[in-house]
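Look for chain A in each of the two complexes below; its partner is chain B in the first and chain C in the second.
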Partner chain A sequence: MAAREPSRYLARTLPRAIAPSARPQTLACRRNASDDAPARRLSNHLAELETESSLATPLPADTVKSFNPVAAAKSRRAQLPRSRYQFRPPKYDRGPLHPHQPPPPSDPSSRVFVPGPFSLPRVQQTYDAAIASDILTLCYVHNPPGFTPPPKAPRLREWDDSSPYHKNRPLRGPRGGDVLRLLRKPIKFNSIPELERITIHSYVKQAAQENSGWLHVAGMAVQAISNKRVETFKSRASVSTWSIAPGRDTVAVKAELRGEDMYHFFGKLVDVVLPRLKDWPGVKGTSGDSSGNITFGLEPEQVALFPEIEVNYDMYPPKMIPGCHITIHTSAQADKDARLLLSAMGVPFHGKIVN
Partner chain B sequence: MRSLSPALASLANVFRIPMSLTPVRPAVSRVCHETLSRQSAPTTAAVQTAPFSSTSTLAKRKGGGPQVDKRITLIRYFLYHPLTPRPLRFSRNRFLRHWTIHRAWQLFQAQQRKKQELELQRQYQSMQAACEELRTGAGDGGKLFRVSMNKKGVFTDLFPIEYARFQTESPAAEGWNYEWKRPEKKY
Partner chain C sequence: MSMHISLRRTAATLTTTTTPLLPGSSSSSTTGAATTFICSQCRHATLLRRPKRPYTFTQLITLSDGSTFTHRTTSPAPVYRSTRDTRNSLLWNPSSSKLMNVEEDEAGRLAAFRARFGRSWDANSPAAEPSSISAAPGAKGEKTAADVKADEEAARAARAQAQAEQEEEDNLLDLISSFGQDEPQHGPGSGSGKKK
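Entry: the complex of A and B
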């Protein structure tokens, strides 16, 4: 094989040099003086090459007879290593100091490699095309050039030195409670709130009272509507009326959606499920954890409206279809921005809006 | 062996799905059929007139044992089936192809993000310029500017629900509704 390489190369090269090129050299009307330069001229190196192939030389007959590569490979005592290096990622992550490191997740040989995304969700397209710029316009606050906002009081207050015991104390928390809330930055072109992730959580108390079938059906239903493998959780609270003990009963399933899955789920929720809810005024205006995440709940019969469950409704025991809590995590730092974003994306709110 | 299309056969090869007549993991339809047909087994046993019964005495005594819904059995089967494909292993050339496409896709996405961000920045700056012009050059003492900066109702009335219509391939049937007014709040 190796002996044939140059001749194959030559055989490929020669016709290319001889074949008429896209820029005909001789028939061109326009010629430059530099065309005759030795570097530009079609070189004479080809003429120096031998046209005879060395392969034409006849081999001795006994060499031809004894040439049997298959038999030679079989008669080898130990097989040669495979020609291609087959990399196996480590099964366990043994820390950053271990010599055998897992490949990056984008590497297809990685164990966490997920191919895709395979689609561009409508929700994402709409957000990029219309919603982002509309929110930017709606929230624009003009500051004249040269204007600097007056400095605000520090969030952690000093102690007034009325007592000698105030010396070296840590700073006081904000007024009205010890929670240090997130700072709300003005919405500018690089900080427009957007969807970050969606969490679907379902607490099935019958999983502790009756049997695990409840949890399995709930997990399957959540998996079906979210396109994600669910995680299960044990109860942390003790609810004696439901006979739930902390750390003993597995009672909850959760799926966390990001990226493509999240946008598809949100699209289904807003386009298919929410318009069909009967007597549903909308998400409560008081919902939210005051740092930009909005939660609302769906009843079991509302979860059954998701198209994945609806088409396959007969395969679920009807009384076991779970209700769930859906938390929409946005990149907004305050609930009012998150609500503005969600209302632009089709989630209605009702009642008194509390920020 | 069933005759599969070459694409299906290669997929089955990739995911290690056996294509022989006695598969390690039976086909979905077969599992469903078997599980659902097993549901009718007790009724035939009851009809049976022969003195011999295959029901265990304990199951007979305790009222037939725990009756599990067959649908739950199926859900358990599919929830815990072990068919997770092994990590992909590419040869040198396929790996390079994948790497090239991956890098190109990342680059393309970064360019798209950059473009989007620059477009938003451009809009923001032109808003700034327009507001500055309105504030100083409109000749009304900045009244229009003050009115335009009023944020009343932005965070309480929010977007009207009709605004939230995700983009579609084709335009809406009724197009733009010029008669629309913000509806009264019921709640």
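Entry: the complex of A and C
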């Protein structure tokens, strides 16, 4: 490159290269008497090489006839050891200081590894292809260049120093309640609301009053509709009319769905189950915890409409089929955005919409 | 795992810094960040339980309009055909005339009846009245029909006409037409009431 575009340094460097150096230039073409020694002669090495491939040489006939790997394997009395080292993770976690550590849960050799996902659910494809871009378009707020939003009041109010006792007090909460709401950030391409997880929760009060069969049936029903093993929970509240004491009675069943399970359940719920509910007007518009999570409930006869329970309806004692609460957790920070997402995904809302 | 490793390393070198140090060179550089990991030895062992997952099948769901999709489910049935879903329920298709409760009127007989006797012929009449079959059609819409009937039975016609006039005042069409006109009057009033 330097030769193509002549630089101003070229004129200085060129005579330096041409100038005769102190060392003699004839070093490369000088011959010595020792070059003719047989160890240093190049032509001898080449002559030692075989010109033909070793694969082309014919094998002796008896070697060919005796070659039978299948018979050799059958005639072997004990099996050969496995070819690779099979790692078995430790069964117990013995703490961080133990030299034998279990592999992380994402490792396929880990004992707590859960494989998957095995499919790309339809709801997820719909979300990626259509819903996400629609929500991004709907939530676009145009700010002309040079526009600066007006500064907002601080979320935590300071004390006016009217009293000397105000010194070093912690800041006050917002007006009209002590709850500090989530900040609603603008919806950008990387913060489009999406489904995070779905919680199916069922509180069976008869599990404390009568027997644990109610809880078993509720667990099986929730597991059937959710593809997930349920967790059981004890009551935290004391309900004396139902004879429920805190910490004593196991009364609730919960399944938490994420990822593939969640999308399959949501698609099944919206496409098959919700349209079959009798006289169901939709999810109440007032539901939601004002931070982007929407909850609605299903009655026992509505839970029985799930195809998994319907196909095997006789397995469940009819009066023991539980109702459940379904909470849809979205990554939206306000109920308004969560409702926008859910209505785009097919959940109808009715009544007064509270944001 | 990585957390465990870092904990182990700090515990092994017994230095209070986060940077890996040679044991010999700890004279001057230990004065930096004083991050202390609390790493107590535990003698117990926790069983790592294998997670339990119900067996799932792949099921083909056929919606009522013929579209299909697969999903993973605990139900062993390979195909599920739904009779009622989002494609044919009114809540998801509010503008579909097929799904709305529309009467079949191919011959136009119901339309002809409505053109002759009006729409409100049995809107407000008590259903238990035995003579309503003959009285009701003549009673409602037209004065001419009521007059023809009056030759036969004057008393019944008079009663029917009075009923017709009373019904014409509060018939459904009037309600519907006056609905939009009433609303703007209500709107500001209720809004101001709310604000105060």
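Here is the rule we use: the second predicted complex is superposed on the first by the 263 of 355 C-alpha atoms of A that agree within 3 Å, B and C clash if a C-alpha of one lies under 4 Å from a C-alpha of the other, contacts with A are read in each partner's own complex, and residues count from 1 in each chain.
Just so it is clear, contacts are C-beta pairs under 8 Å (C-beta built on N, C-alpha and C of every residue); 3 or more make two chains touch, one makes a residue touch a chain.
Keep in mind that this is a model prediction, so the values were computed, not measured.
Visitor: With the two structures overlaid on chain A, would chain B and chain C clash, or do they fit side by side?
Guide: On the superposed model, which is not a single observed complex, chain B and chain C fit side by side.
Visitor: Using the superposition on chain A described above, determine whether A:Pro348 touches chain B (first), chain C (second), both, or neither.
Guide: Both partners.
Visitor: With the two complexes superposed on chain A, say which partner A:Gln79 touches: chain B (first), chain C (second), both, or neither.
Guide: neither
Visitor: Looking only at contacts as defined up top, I'd like to know whether chain B or chain C touches more of chain A.
Guide: B
Visitor: Where does A:Val141 make contact in the superposed view: on chain B (first), on chain C (second), on both, or on neither?
Guide: first
Visitor: Per the contact definition in the header, classify A:Ser162: touching chain B only (first), chain C only (second), both, or neither.
Guide: A:Ser162 sits against neither chain B nor chain C.
Visitor: For A:Arg111, is the partner it touches chain B (first), chain C (second), both, or none of the two (neither)?
Guide: So A:Arg111 meets both chain B and chain C here.
Visitor: Would you check which partner chain A:Met315 touches, where first means chain B only, second means chain C only, and both and neither mean what they say?
Guide: first
Visitor: For A:Val272, is the partner it touches chain B (first), chain C (second), both, or none of the two (neither)?
Guide: The answer is second: A:Val272 touches chain C but not chain B.
Visitor: Answer with first, second, both or neither: which of chain B and chain C does A:Pro102 touch in the superposed model?
Guide: second
Visitor: So, does A:Arg122 touch the first partner chain B, the second partner chain C, both, or neither?
Guide: Both partners, chain B and chain C.
Visitor: In whole Å, what is the nearest CA distance you get between chain B and chain C after the fit?
Guide: Minimum C-alpha separation, chain B to chain C: 5 Å.
Visitor: Find the residues of chain A that appear in the contact set with chain B and again in the contact set with chain C.
Guide: Correct list for chain A: 89, 110-111, 122, 223, 267, 270-271, 281-282, 346, 348.
Visitor: Tell me, which parts of chain B touch chain A in their complex?
Guide: Touch list, chain B to chain A: 68-69, 71-72, 74-76, 78-79, 87-92, 95, 98, 102, 106, 116-117, 119-121, 123-124, 127-128, 131-132, 135, 145, 149, 151, 154-156, 158-159, 161, 163-168, 186-187.
Visitor: Under the touch definition given earlier, write down the residues of chain A that touch chain C in their complex.
Guide: For chain A paired with chain C, touching residues are 89-97, 101-104, 110-112, 114, 118-119, 121-122, 223-225, 227-229, 260-261, 264, 267-268, 270-272, 274-276, 280-282, 307-308, 311-312, 346, 348.
Visitor: Which residues of chain A touch chain B in their complex?
Guide: 84-89, 106, 108-111, 113, 122-123, 125-126, 128-130, 132-134, 136-142, 144-145, 188-190, 192, 213, 216-217, 219-220, 223, 267, 270-271, 281-282, 315-317, 320, 336, 339-340, 343-351, 353, 355
Visitor: In their shared complex, at which residues does chain C touch chain A?
Guide: Those residues of chain C that touch chain A are 1-5, 7-8, 11, 39, 41-54, 56, 58-59, 61, 63, 69-77, 80, 82, 84-86, 88-89, 91-92.
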